[in-house]
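In the two complexes below, chain A is the common chain; its partner is chain B in one and chain C in the other.
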Partner chain A sequence: MSTHTYKKFESSESGDLPDKMTIYQSCMSEFNESQINAKKCRLLIARLLRLLANGETFPETEATALFFSISKLFQHPNDSLRQAVYLAIKELSGISEDVLMATSSIMKDVQNGSDLVKPDAIRSLTAVLDESTAFSAERLLKSALVNKHPSISSAALCTSYHLLPIAETTVKRFANETQEAVVDLKPFPHKNIVGDYYPNSTFITQYHALGLLYQLKKNDKMALLKMIRQFSDNNMLKNQLAKVELVKLVNEVTTKDPQLFIDFQPLLNDWLSNKFESVQLETAKLITNFATRNSRLISSELFAAAITTLQSLLTVPRTSPKFAALRILNRISMVSPEKIVVCNPELESLINDSNRNISTYAITTLLKTGTAKNISSLISTITKFIHDVSDDFKIIIIDAIRSLSLNFPNEWKSIVNFLIDVLKNGEGGFKFKNNVVEALIDIVSFVPQAKETALENLCDFIEDCEFNEILVRILHLLGKEGPSTSTPSLYVRHIYNRVVLENSIIRSAAVISLSKFALSKNDSTLTESIISLLKRIANDQDDEVRDRATISLKFIDSARKSNNQEAQVFIESKYSYDLSALESKLATYISSDKDSFSTPFDVKAIRRFTEDEAKAMELRRKQDQFLKGNLENGRESTPGFTEESAIADSNENSNFSGPSLDDHEQDLLSTKYVDELMSIDQIKKFGSLVNSSKAVALTDPEAEFIVRGVKHLFKENVVFQFNITNTLTDTALDNVTLTCTPENPDESQLEELFTIPIVRLLPSEEGACYVAFSKSEEIVMENFLNTLTFTTRELNQETNEPFEGDEGFQDEYDIDSIFLNAGDYIKSSFVGDFSSTFDELPNEEVAVYNVKENISLQEIVDRLIVNTSCLPLESTQYASSDSNSHTLKLFGKSALKGSKIAVIVQLIKTSKGIAMKAQGRAEDVTLCADLVNGLM
Partner chain B sequence: MGNFFSSMFDRLWGVNKELRILILGLDGAGKTTILYRLQIGEVVTTKPTIGFNVETLSYKNLKLNVWDLGGQTSIRPYWRCYYTDTAAVIFVVDSTDKDRMATASKELHVMLQEEELQDAALLVFANKQDQPGALSATEVSKELNLVELKDRSWSIVASSAIRGEGITEGLDWLIDVIKEEQLAA
Partner chain C sequence: MSSLSLYSVQAVLILDSAGKRVYAKYYEPPHTGADKYKALSKSLKKQTEFEKQLFQKTHKQDSEVLIFEDHLVLYKEYLDVTLYLLGSMEENEIVLQQAFNAFKDSLDLILNSGIDKKNIQENYDMVLLAIDETIDDGIILETDPATIASRVTKPPSNDPQMDLDKGLLGAWGFAKSKLQERLQQGI
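Moving on, here comes the complex of A and B:
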């Protein structure tokens, strides 16, 4: 074997890794030599590091042995060898527990080493120190922090930053030195060596120091404000990252307290024209993010300035600022596209940018700024270029088009044509095609006008489709939507073609789909033909297909002859189950003991949704997804900061994004509440639950006892559920009850039945207390004043039981009122064509309000959606912050009777407040009047 | 040329080889102070050694590689990782710390059991003689049960690292013993 082949890994070009054991052996023998060959050892460590970097790892004993042999290299004074040793220690610190043995040696280098190894030694301290040893390094680190050499100071700052979670008390004492390090501009020593070509210093220490200083002071608002004030003065920060960090600091402060923003406006305005593009970008991001949350607190000039900055960044030749600016614009376009229309010329010129990321973003942004007028021209632009891009980008574009179709249902023609075109002619994989089909399914479900065109084209598509999953989805859709179209027979032909030509999976899906046409009302002649088709299929060679055909025939037969409702339901299901509830119920059913199998599973206990309700939920989820994506992007903007701020962020955002943000979680939660409720015998007697409201907060989130109220409505009863969280750390609450007094006791139509108290609420536990009332079958509305009463008992820390003989003392705590209003009698529902439905409803009621509070249109829209529990339609849940008027369209159904109700609310904002005109139409006169008159 | 001859000369004397010497002992005995007394001849302020210090020094034409290992309970188990190739062990005892003589004695005897240290010479410093109440070298020797040691060259020297007393005497003895043994080998 020649050495050449044997040591192939030594060539830098080969991707071969050195053999693990060979390296281990040579490390052990070489490092333990009494005469160390520095060059050889450095090479060996390099190979070892390469192994580790490639994910190889050593068992603990070997890692330990390696570490000790490496620690012996400390006897050699060679600087470059020492640097390699630090790297190895850093890597091994993850595997071997013994790295603390290197502590003294490293600290000695920090103290006496050359300037070359000092920074590296300091950085490697992070890997070896723990809480107690960090204390002994305190003086060392402090003097390194204020060292004049920028690399040494930076290293000490970074090490302190990473030590903070490990040894908080020690690092907390570094505040003064850190402060000094921000202010101190540190050029490199030996200027003559660096030469004129290179900058004297990047002043990166400022960035590191600022990062550490923030970590040290992040809980002290005044200190943060002082930091911003101090460091924004006269160009004190030379480093661009440090400046960006300062912008983020402003973001942090204003997110926590939006009222402070006004003071920062001049500063932000300056930063928008900073010489660093990254500072401009970060500032623009801050301003636009802030504007989406608190549009009232920001001057329109500043926002316009931010947009102008972004606009000018779109034309710079460098790719990354261009891309970043585009991303910010794209995010704005999701909530208020009208604000960035000014950038359209620049965006249009970017469509043909050679960087595909940029062109795709430009397109999707443009699509969102699209108005009813320019959609078709935009789509024709895209048609020209969509075939040239990769699948990933196609999917992004399709998603944008999809949301467009939900926002502009009237433009369906060009959208459907576009989708059909890419579906049929476009090359692309499964994911892409599936996306297109999903977009079409959305259109079919939510844009009734487009239904038939879309369905017909999908029929054409399945004639030549290679993906089973997509075929099955389309067949299901045809079965669901086809029977109600004007010419059902057309679809029958297409579906049957599949039965003849395709494999068994598709055949079985087609059978079910066919059977749904048998009961079609639009074409009674079909029934016989479907039956004969199914009979023919009943001879299929595949079991599943045969079975499905036979059972379908049976159902059709019994549905026709005896008008059997049940059979009809099986063929055309009118409702779907709450799948997550069904799953959890089934899981408990299976896991319980054998006896329970004697009683069959009760499917009735699970919430069912009619088709309209299911659609309402789906539409809402889609709109949320859209928004959530947007919010998550927003959150990325503060990666340097703690999770706390991210949480604060999301709380802020949930205010603005409307009440439906955590809809899915809410659903899960309400299912849980209902389960708990129904396990109480006294409440079980009330019969089945008609409606449950969402949980509303009745206290500040920072209160000692956090209370959230849920209203449960039964036919002749109301139950208020109060979820109480005890945030005290060492006190238990005994016998917690709520006293609900009606606001006008004389006129009260509700009679209190009973209260179920919480026996003991331990610290940081949540418990539910119920108050039940009886009521008439009619709609009853009332306000209740609530008081929490309880006995506090101090806990013995050790036993977690109250001290013996401690009687505790009675206490009271007032919480916000709970309102039982018309909205509680309504479930949100979806309707495809709002205006015609509105016109068809018989009873009308109009009410006019004048809201004096100083709130934005968006806030009032959010409040209306919560109060009415209706579904906002036609994207009217977003009020544009530019215009002074807005029209909100709401639709729902009565929870008691299922009658429809539609409301149009017109809002006009004036200097005196917000004028509001609500126009409601419903099948039920009283519900309509109650809802419209009780909006606020 | 001169270099060539001197290296030839060194090889004859077996001097080019670096000698590994370990300084061990309980925490606070004065190991680090002794190490730097040897290297720079001054008293340095020290902190408890977490891990080890290593210095190379020339002494009477010999190159010594002196390892000062931390004496804290948590670090003592790691001593054995540094036993290989050791020519001599310097064991430092705080002569004023009567309470822990037994511990020191135990650590010493356990260490000497080690296979890798069979050929190593042992020098014990009865340190801190400058302090009032310090035990004399003889007393320390008794406490440590040094007489029990068989097949090993050992010696005990009363020392004060702070004042610089006894250190060179001890080291001279050690170097003589090592040279003798190398000649014998």
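Moving on, here comes the complex of A and C:
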């Protein structure tokens, strides 16, 4: 121990940490002195604690020795030293052994200490007691709990709360005292105050008591209800934290039993105008959360009142209420943006708030409530400050803008300009730039009007882009979209620049991209120049680049000379494979035994999509994800989902990261259907499958036998697949068949061929029964009445076999009918410019419907989309709930012939029902007529 | 963890103007065993990294409240130190603000010449006591700054009895001699 180090920490100005060993040595000597110097000891303890707070730690033996010497300081009566001793005991108890030895000294203080040290002594009990000794503090804690001094009572309540996990039975005996502590108002005693402070009584003991009482009664619903009733009466609770706790209690109760909510509505309404902002906030949080889960059980007045409360919180000068209210509004905006449009003026005034967190939240919320009208003004506001915020905020904003671009394609100009601006002029890391580029790629794929502007600007961007990954993506995009633009040569120049200037990874991507321009129809002179460029590249120093250039040249050559289709396909791929199906097939192929390798892998069995179909699927996926993402985020704040919620909020911006698991499963499911069908010889004869519908439920989900139907369409046949689940636990079903009778047997154009029954369906198993029909090549639409027939057999629990001699008895079960409609002959497809495509189609058909059912526009829109299996375009799939009319635009292709069909449905909601006018145009007359006339 | 839990504060931090730790305490409900906060309260390395990033995020930003790595963070930047209080995402922001104000204002009361690094280091014992009287293992214990300050003792003076006597006697002696001088001069 040199004097040097000792001196160094003596002057605390240096700010350096004291030396660990020096402190240890001085503590050991000073604390064990016969005459204790209180001032010195407290100073030493402070230094020791400073070491510990900075992450230093002591080995167990040293910590125990320290703990032991510190507990000697209990002999000194000075309260000021005593407080420091308790701090040290709490900190050291985690790392030293034998902490129990301090218990008796502490207990003595709890009984006889001054009002100043008593609470500290009580609270330090948490650290020294364990499962076997906790009960010994029962009497002390109980009497402290009812003490009139608020600090003592609070200390006892907190300690009991901490001890709950290890001493439940002991703490449970405090229920009555705790109940009393909630009701009992304990003012802070004004006599005997040490310093010159004038404490205000906050009655925070109520909060601690309420928290503990909840823990003791949380499994008793009636007791909780009684608590709420009792404590919500006439200002029983003075402390605002306690009031917030009570609101949370209501939340807890109504989450478990939503039906109770109705009784609490008046109470909640009162709380919305409570004098404490925290109570207003918590109540508004409760109401809006509840509304997202159980919108039917909540009165619209109450919801509106909650929004008004939040709105008023937005205008308070303090930051945290504003922030809190914005967080809630932002959550609502993802689920039902129309409900918070009233707050728009307040939100707009917050855009320029000096607090970036607040302005970002305000903007993303506004963007979600945005309408076509105010988008461009919003974007110009954002442009002003986007360069000043951090990357994280930029990404959040970009994502909000990206979903806008899909919802309001007509606003593409301002959106694209904005994105280009941030891309070129914005400072930012890879994640941010990648997000911007992804947003632009989305626009290029789904907003054709914006395509060329966006592409040209991306070309400029790659001139000085530092991220390889982004460069490669853009090059690929240019290769895909460039050849079909009006001036392909422009892009060729930019791509070739990359070949000259960049590294080999980018060069190889650029080569492939270049080769796609060779067959561009818009500029036939290009071919020669591309070939000469590629020839030059073929001398590149990198193997991969050379290889790619050579093979591209070969393809181009054979595609031109011999009009070789195959080569052309290689250059410009017209379709892509169903990747998830390809993956699973390849995996099974590889894992099978070696013999099967003698037959080559048959890639034809994998579903292929043309570009339009792939785009349609992608758009639909994005739309779904947008909705789904919203719901997930909307759910985030509900208690019980605490774990996910944290993630959801931080990942708010990752909604678009890729296909979700569900989609993946959906894809695999359809591949599974194909496999199953093709394994049945009788069906295999029908040729290749043209289209499969989604599974439709034909029974209640609670029925004993759950049946779901899938319609498979072949060129001259139809197969109904019925997936039947047996939900009984002790009965097997034998010989399960379905009888499908046409609704009008006389006019039926379908001829039943065969039925493949399920031989035996064991409990909680699912099986498939097939019914096949032959049909003409034309489109045939028909309704079928279905009856499920089977023989039930009781099972022997032990063998899981039917009892011998049990004949079983035959039963019949009517299920919903299945409709073969025009929609089953259509695949959804994407088209960039809906209105001009619509006008170009030759055959028109109009039909008018009057829907008497009392349903919302959105419900009918959803139903139409499912029935037609078309893709809704121009984001017409969302009907706004405050308007009485809506126009839905649908586009698809015939599954049999690939001819286009477009439908515009105009909907008007009146008091009598919904009037609907469908206008369809198609290349195929009959399909058009069938679809338009069979919408509902 | 149920939203009704009293454990609403996850950490209290004091960082200096370079983002280095002056004080840090990560709370965890005692006697539960489970690592609820991804062991942030256990690993010093993670804590240091967390503090570094948090500081970068908040330094010279003056936004008072933000969400950082699944924590609700309230903070206040002073001349050369920043005070932080961390809570869970579900916690009521205004309740946390109450706790944070109690923490901040009680320091203001007990540190006579304002909140700065030197003052905090010189009166480390009092700062620790104030924090301990504000938050007990994550439970908000008291929200009134004056109540908290009144419960924080000043360090004991050295042998107070002797000091006082000596001082008074000395003063008395001094006064007496002065008086005598005056009287003599006057006469």
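General remarks:
Basically, the second predicted complex is superposed on the first by the 573 of 936 C-alpha atoms of A that agree within 3 Å, B and C clash if a C-alpha of one lies under 4 Å from a C-alpha of the other, contacts with A are read in each partner's own complex, and residues count from 1 in each chain.
Keep this in mind: a contact is a pair of C-beta atoms (placed from the backbone, for glycine too) under 8 Å apart; a residue touches a chain by one contact, two chains touch by 3 or more.
All figures in this text were calculated on a predicted structure; none of them were measured in a lab.
Once the two complexes are laid over each other on the shared chain, residue contacts for A:Thr254 go to neither chain B nor chain C.
By the touch criterion defined above, A:Asn78 lies against chain C but remains apart from chain B after alignment on the C-alpha atoms of chain A.
In the superposition on chain A, contact of A:Ala38 is made with chain C only, not with chain B.
Of the two partners chain B and chain C, more chain A residues are in touch with C. In the superposed model, A:Ser552 makes contact with neither chain B nor chain C. In the superposed pair of complexes, A:Ser333 makes contact with neither chain B nor chain C. Shared interface residues of chain A, touching chain B in one complex and chain C in the other, do not exist. Residues of chain B touching chain A in their complex: 17-18, 20, 47-56, 65, 67, 70, 75, 78, 81-82, 84-85.
Considering their complex, residues 12-13, 15, 37-39, 42-43, 45-47, 49-50, 53-55, 78-81, 83-84, 87, 90, 116, 119-120, 123, 126-127, 151, 154-155, 158, 161-166, 188, 193-195, 197-202, 204, 207-208, 211-212, 214, 218, 240-241, 244-245, 248-249, 251-252, 276-278, 281-282, 285, 318-321, 323-324, 327, 354-358, 390, 637, 639, 642, 645-647, 649-650 of chain A touch chain C. Residues of chain C touching chain A in their complex: 1-6, 16, 21, 23-25, 29-32, 44, 47-48, 57, 61-67, 69-70, 74, 88-90, 92-98, 109, 117-118, 121-122, 124-125, 128-129, 132, 136-137, 139-144, 146-147, 149-158. On the chain A side of its complex with chain B, the touching residues are 32, 34-35, 68, 71-72, 74-75, 77, 98, 100-105, 107-108, 133, 136.
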